[in-house]
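Presented below are the structures under discussion, each in the form of structure tokens.
In the two assemblies presented below, chain A is common to both, partnered first by chain B and then by chain C.
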Partner chain A sequence: MSKNNSYRILNTRLPRVDAIDKVTGKAIYTDDMSFPGMLHGAILHSPLAHAKILNIDTSRAERLPGVKAVVTYKEAGTRPYGVSPARYDETIFCHDKVRYTGDEIAAVAAVDKDTALEAVNLIKVDFEELPILLDGLHAMDEGQPQLHERYKNNICAKVNWHFGDIEQGRKDSHIIRTDHITSKMQDAAFLEPQSVVAEVDSHGNLTMWSSTQAPHYVQRTLAMALNMPLHKVRVIKPAVGGGFGPKASCSTVELATCLLALKTGKPVKTTFDREQVFLHSRARHQFFHTMTTGVKKDGTLSFLEHHCIMDGGAYSSFGIAAVYYAGSLLGGPYRLKNMKYDGYRVVTNKPACGAQRGHGAVIARATFEVQLDRIAEELGMDPIELRLKNVMEAGETTCNELYVSSFGMKEALEAVRDSAAWKKKRTLAGKTRGTGKGIGAACGFFVSGAGYPIYRSKTYHCTVVTKVDEVGGGVTVTSGAADIGQGSDTVLAMITAEELGLNLDDVKVVSGDSSLSVDLGAYSSRTTLMTGHACKDAARDIKRQILEVIGGKLNIPPEKLDLKDGKVVGINNDIDFSALREEYLQEHKGFTDLPDGPELTFREASRIAFLEIGSVVGTGSYRPPKLGGSFKGATVGTSPAFGCSAQVAEVSVDLETGEVTVDNITGAHDCGFAINRTQVEGQMQGSMMMGMGEALMEQIIYNDKGRIMNANLAEYKIPTSLDVPHLDAIIVESNEPHGPYGAKEVGEGAIMPVIPSILNAIYDATGVRIDELPVTPERIIEALKKKRENK
Partner chain B sequence: MKKLVTLTVNGITHELAVEPRRTLLEVIREDLGLTGSKKGCGIGDCGACTMLVDGVATFSCLMLAIQADGCNVETVESLAENGKLNKLQRSFVDLGAIQCGYCTPGMLMTATELLRRNPHPSEKEIRRSLSGNLCRCTGYQKIVDAIKAVAGE
Partner chain C sequence: MILPEFDVLVPNTVAEACGMLSKYADKGVRILAGGTDLLVDLRRPIVPSEISSCDGCATHKTGNVRSTIDCGWWESDSSPESDRALLKKVQDSIHQYPGYLISIHRIKELRGITTNEKGSLRVGAMTTVTEIERSDIIREKWTALAEGADSLGSPLVRNRGTIGGNIANARPAADTFIPSVALDGVLVIQSEKASRKVSVDKFATAPGKTVMEEGEIITAIEYPAPPEFSGSAYYKLANRKALEICNVGVAVWIALEKPGGPVADIRVALGAVGPTPILAESVKKVLIGKKPDEEIIKKAAKAARDDARPIDDHRGSAWYRSMMVELVTDRMIRLAVKRAEGEA
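== the complex of A and B ==
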């Protein structure tokens, strides 16, 4: 589909506003920064997975020439922090014990990196080893080592939901199936390792530049954990090399670097190496899903009973939300009246897990979509037909009270079905199953911005302040929103340019700075809808002010005027604006590039507005209306809008080696309205690749001591350009009533159908179901062998 | 003990005293202030640090600065001339081959070498040449498209 509307800027393929800086090497990421007299930080990580700390001796490190500060819990204090106030279970440094290999114990600032690293090695820690818990599935069992006193039986969070009536659903069912899927912990593998520079000015103001996704949350955590007033802490996000979730939570490297800057009075920089990225993690949990689903004879879903254990590693982080998302987001995209969910997030002696693209919902979605395929097979129904039979439509509410105001699910499914020639390829399925070629489909459902902030508050979720250049001509959009590569700065610039009739080059976006505005950050696929609203309002506010001044001067009602193509329109030949032009020309004697056309330009109009009323500043604020039900945990999963997606994957499997080749991926995503078509496709294609990696190759491997055995990008495999096939991205636009211009999310929803569509295609190709992710060649061979033996 | 090396970087010859253990990437980023080349892994897995050394695409995190003594080094900063993007850069910008941008400098240098060697590569050849450069954002599709667009000219 292509653009079919009257927008000049929106819905086009304009290049990103930061593209030129990124192809010339000019874009500045945190590790590119350096200050005079800057010190370098390094962090001491625990070599053990579970141990009591008996003593920490930093004396040798402190004596090393070039060392300026060594900090442990003694300097940092032990104020607990975390992501959700109900689960503050981390301290800046370990004090009583360490809970995973990599847990942070101390930090050093020194004149250079090598000295800092040498000093870290001179810190002597006496441990008393404790029994280790690595098995998430059995973490709740009696007699297991306990990680935190407050988490009895290692349960850090549990959710027990029952919507509708499961027993009735059971009675109504013709077929009932129970299936399991187990995944492995994964890493987000963003290309830029976390990096932080912190500095304290002479008034005690702390400024931290960090590769973060959420400056506002991080600002709050820094202030709380470092015991500083919020307004004395400023977080700035330079260019960020991807985040995908783990960079949303405040990290030890941020806290420790700030502490070192406060202690030394000097700027300090600390950058993780790749191994530390893996150790710190905060990425995808390990999931153990069991689902029992019933359907009527005609394929109508009658109930879903869902049990889930999530291994979250040593601390809560964003996992407190993940355990809710894993259950709530199965409420859609299908009509499902009866749903029961029992979710348990457990702690183990592994790096803490948090949010990663699709948050807690990705493996749950995969489990359910695979199960739907198995049900379709039992019913003798086409899997896409089964889905089409059950998909929700706009205006419906799920059993867990999620209201779906726009919904292109049917359109998305039909688009991938037709584009991938599903019917033709699939009719062969019965005959070709197990011959090494397969095709599979799946759907997905995701929030377009979390309905509530992570801390309980009435706060606006974002504000935008846009100011007209006082010399006239351009505007500057200021916002706390975090562009981490997904392109939110471009979205804000495009919205502003559209509203004010400007070119993209005349709109400057300054963002990612906690001192500019409250913005909850780049997570839960929220920025286009939420900050987009605020940005649109700010631009309209400016437009109103300028047109009021111009209308007043020319005696025209402002509503008869508009800003378009860099000009004020609505002034016809009868209206004499020569006095305004004269006023503008009078103050630009000596300038040669002056307006002389038959229309009043934005440059003139904006300057004249300033001369009349002073600063022309527009503001916009957004927070969602009250959303969701009244049951416990009803807030997680709510959103002003929901995205949905469908995908068809085609694979070839070598039945001798078990090697899977993904031949084609066709995905369709309903983003409501594409502000930038290229960027929407980019989010979809990136999701396809990440899901493909998770389905086929990505897994953190631990040894029996809880140490990661593949903490690098050679042995933790992510897809390369040779692994990934042509990625066909189809944009579906359903015109979301709660989104700016009809827009809603694409960043995370697009990953939802990826894993299950590949799993379903692998089944079609091999005739075996693999219920353990990733589906490696070994697992396929093993399953094929088992099948042969059972024959 | 520091050693003297002569590096010609983006056409400018520098005489530098460097510790023998420092990598070419470190010296170019820290001593010459050319921070366009990125460190994503430090051990040759990701390709974000790719530079051309005597015309050959090289992981500069795996090469010591002293090994590059006397060599001609090209980094991403050399691609635009007089502030004007070259065709490959323009194509990356126009076709949306960039998201977070952290892999972009390495991708551009790898593609530059490819196109010099083989001005009209097939899609397969493009994908093969990029296989040492990881990207986590784009799924590679638009990067391949951008290189193809230049190669097809």
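== the complex of A and C ==
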């Protein structure tokens, strides 16, 4: 599909504004930064998964030549912090005990990295080992080791929801099935490890450059945990090499590096080793889902009863949101009147889990979509037909009060069905099941920006200030939005260029700085919709001001003027701009590249506007309206809009070795309106590969002491370029009424159908269901063996 | 990556390298070829992988690295210099770090792929995996070795990694080691005083351990000329298509008396199913002198399975590996037979 509208910039395939800098190595990432006199930080991580700290002796580290500061909880204090105010359960450094292998105990600043690392090894910690809890499934059982006093039976958060009437749903059902799926903890495997540079100026202002997704939240946490006024803390995000969720919260490496800068008065840089990325984690939880679903004879869904235990590792992080998302996002994309959800997030002696693309909802979605396939088989129905029978349409509200204002679910399903020649390939299913070739489908549903901030507040979710160059010609967009590689700077530039009739090269975007504006950051797939709104309003504000000046000078009502192709144009094309041209030329004697021709250029108009009214600054602010129901936890899962997606995966499985080759993935995603078609496809393709890795390869492996056995990218497997199948990304545009130009999310929603479509295809290919992720060759062979033995 | 301190020596000839090897033997010395294994081995983990108890100390029930040496150290009053020395001792106690690396990249005689008039192959120890992968003669006549090179690591690793290093590292899953066993490779090993030859299948004694002695260096690997009606094949079973450590790797070399005819000789090498790559001797008894039909190949694959000694680890379980040895051996014998007959 291609562009079919009058936009000049939007909906095209313009290259990203940061593309050339990134491919030529010119882009500056945090670890590229250096300051005169800069010190290097290192962190002491716990070698034990669960132990009391009896004593910390830093004396030898302190006297190592080159060491400038050693900090522990004694310097950092024990003010609790975290992601959600209801679950502040971390301190900058451990003081009473360590709760996972890797828990942070102390930090050192020294003249170079080697000295800092050496000093860390000179810190002596006396531990008293405590029993270790690694089994999330049984963490709530009686007699298990307890991690936190406040989390009785290791339950960090629980959700008990009941919408509609499950019992009635049960009575209405023709078929009722119960299925389980469990997964493993995962790593987000972003390319750039966390890196931080912190500096304090002579006025006591702390500036931190960090590889973060959310400068605003990090600024708040730094101020809170370091006991500083918010306005004295500034967080800047240089170029970032991916985040996917784990970089959305403030981390110990950020806090410790700031603390070292405050203590030494010198700039300090700390960059994680890949091993530390795994130790810090904050990535995907481990899930144990059990779902019972009932359907009527005709395939109409009658109820879903969902039980989930999530192993979240040692601390809460984003886990409290994750446990809600795991339940709430099953409210769509199907009509489901009755839904019960009991979710438990438990703590164990493993690195803390947080948010990762698709947040808490990915494995829940996989479990449900696999179950729908099994139900379709029992009903003798085509799995896509079963889904089409149940999909919601725009204007409907889910049983948990999520309103979908636009919804191209049906279109997306039909698009993948037709594009992948589903009907033709599927009719063979009866005959080919278990012969090694398989095809599977699934759908997904996701928020387009969280309806509420993480901390309770009336705050605007984002603001944009756009200023016209006072010399005329270009504009600068300033925003706190965080481009972490997803391309939000390009989206802001394109929106501004479209509104002002400019080329992309005349729009500068300065972003990712907490001192520029409040922006909640790159998480929950919010930036295009939310910051996009603010950006559009700021551009329109400028346009209005410029056209008012020009109209005033020419005695033409501004609404009869427009900005197009870098020029001011009259609706009737009959305006004489010569007086304004003369004014501009008077200003630029001696210049040679002066405008000519009958039209007034944006360069002239913007300069004349400045001469008339001073700085031309446009502003835009956005916050969603009040959303959601009034039940406990109703805010999580709300969004001004919802994205939806469908996917068909085709696989080949070697039935003797269990090796899986994904041959084709056809995905369709309803993003409302594609601001940049190539970027939308890129998000979809990235989601397909990330989901494929999660389905087939990715798992953190722990030994019995709670130590990660594969804390590196050689042994933690993600797909390589050779594993990438043929990918077909289809854009569906449903014109979202609450999105700028009709746009909504694609960043996370696109991953939702990936895992289940591959699982369903593997079933088709093998005739066996694997209920433990990832589906490794060994697990397939094990399942095939069991099937043969049961015959 | 955090590396310990070491000096790098750069000899120009094999003789010079051998001299350095004996001279610095007591300081701890390692040969640096491509470095793709060595530098990973030398890397100091952020969190030490071994946590020792604090022996003889009642107060510290457990400790981290720092407690591995006598507790008295902590109480004693000492200088930063001795802190440093003690720290090194602690680090050395958990990991043997060499004081010297001998980088052999300048030694020209260690490079190159050549065949002699008898048709046998000599591959210099410093020949990169990429060079092997791209050699037409190896792909044609020692196919299993080319296939091993194809499957090793990623292009970056193959560009740096060498066959000598891959074999000397003596890992049971090494992708050029396993086919070299099947192809009856012989290592040419040089020391200051003498030169000797060791069959690849007798080279490794345990993971990371070999028959090499102090002062020795591998200079080349020699492979006999393949007779008429012979062929070879290698397959690596893994979870993804590149950058993998094999779960099971099987290399087969087979020689037939004539197409379709009885098996003159066979060598099957099994990887990742024992402490070293294994030459499955039992297969010979089953196949030699027999017509390689489906049934006898099945028997031979079973024999290979019996020769394997897989274990459970975080990469896979013993039962799966055991099953896969049989399956992949079966497939590879059939493929090698086809190649021997000029069909594939």
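Operating definition for what follows: the second predicted complex is superposed on the first by the 785 of 791 C-alpha atoms of A that agree within 3 Å, B and C clash if a C-alpha of one lies under 4 Å from a C-alpha of the other, contacts with A are read in each partner's own complex, and residues count from 1 in each chain.
Criterion: contacts are C-beta pairs under 8 Å (C-beta built on N, C-alpha and C of every residue); 3 or more make two chains touch, one makes a residue touch a chain.
Treat the numbers as computed from the prediction; the structure is a model and nothing was measured.
By the touch criterion defined above, A:Asp273 lies against chain B and chain C together after alignment on the C-alpha atoms of chain A. In the superposed pair of complexes, A:Leu722 makes contact with chain B and with chain C alike. By the touch criterion defined above, A:Ala714 reaches both chain B and chain C.
Of the two partner chains, chain C is the only one touched by A:Ile701; chain B is not. When the two complexes are overlaid on their common chain A, residue A:Val240 makes contact with chain B while staying clear of chain C. In the superposition on chain A, A:Leu10 makes contact with neither chain B nor chain C.
Applying the stated contact rule after C-alpha superposition, one finds that A:Leu39 touches neither chain B nor chain C. Applying the stated touch rule to the two superposed structures, the overlap between the chain B and chain C interfaces on chain A comprises residues 273, 714, 720-722. The part of chain C that touches chain A in the complex is made up of residues 1-2, 44-49, 51, 59-67, 74, 80, 83-84, 87, 90-91, 154, 237, 239-245, 247, 314-317, 320, 323-324, 327-328. Looking at the complex, you find that chain B touches chain A at residues 29-30, 34-43, 45-46, 48, 75-77, 79-80, 85, 89, 92-96, 98-105, 108, 126-128, 130-144.
Per the touch definition, chain A reaches chain B in the complex via residues 13, 15-16, 18-29, 31-32, 34, 188-193, 239-242, 244, 273-274, 484-487, 678-679, 681-682, 685-690, 712-714, 718, 720-722, 724, 726-727, 729. Taken together, the chain A residues at the contact with chain C in this complex read 45-48, 51, 54, 57, 60, 63-65, 101-102, 113-114, 117-118, 121-129, 273, 275-276, 279, 656-657, 659, 696-697, 701, 703, 707, 709-710, 714-715, 717, 719-723, 776-778, 781-782.
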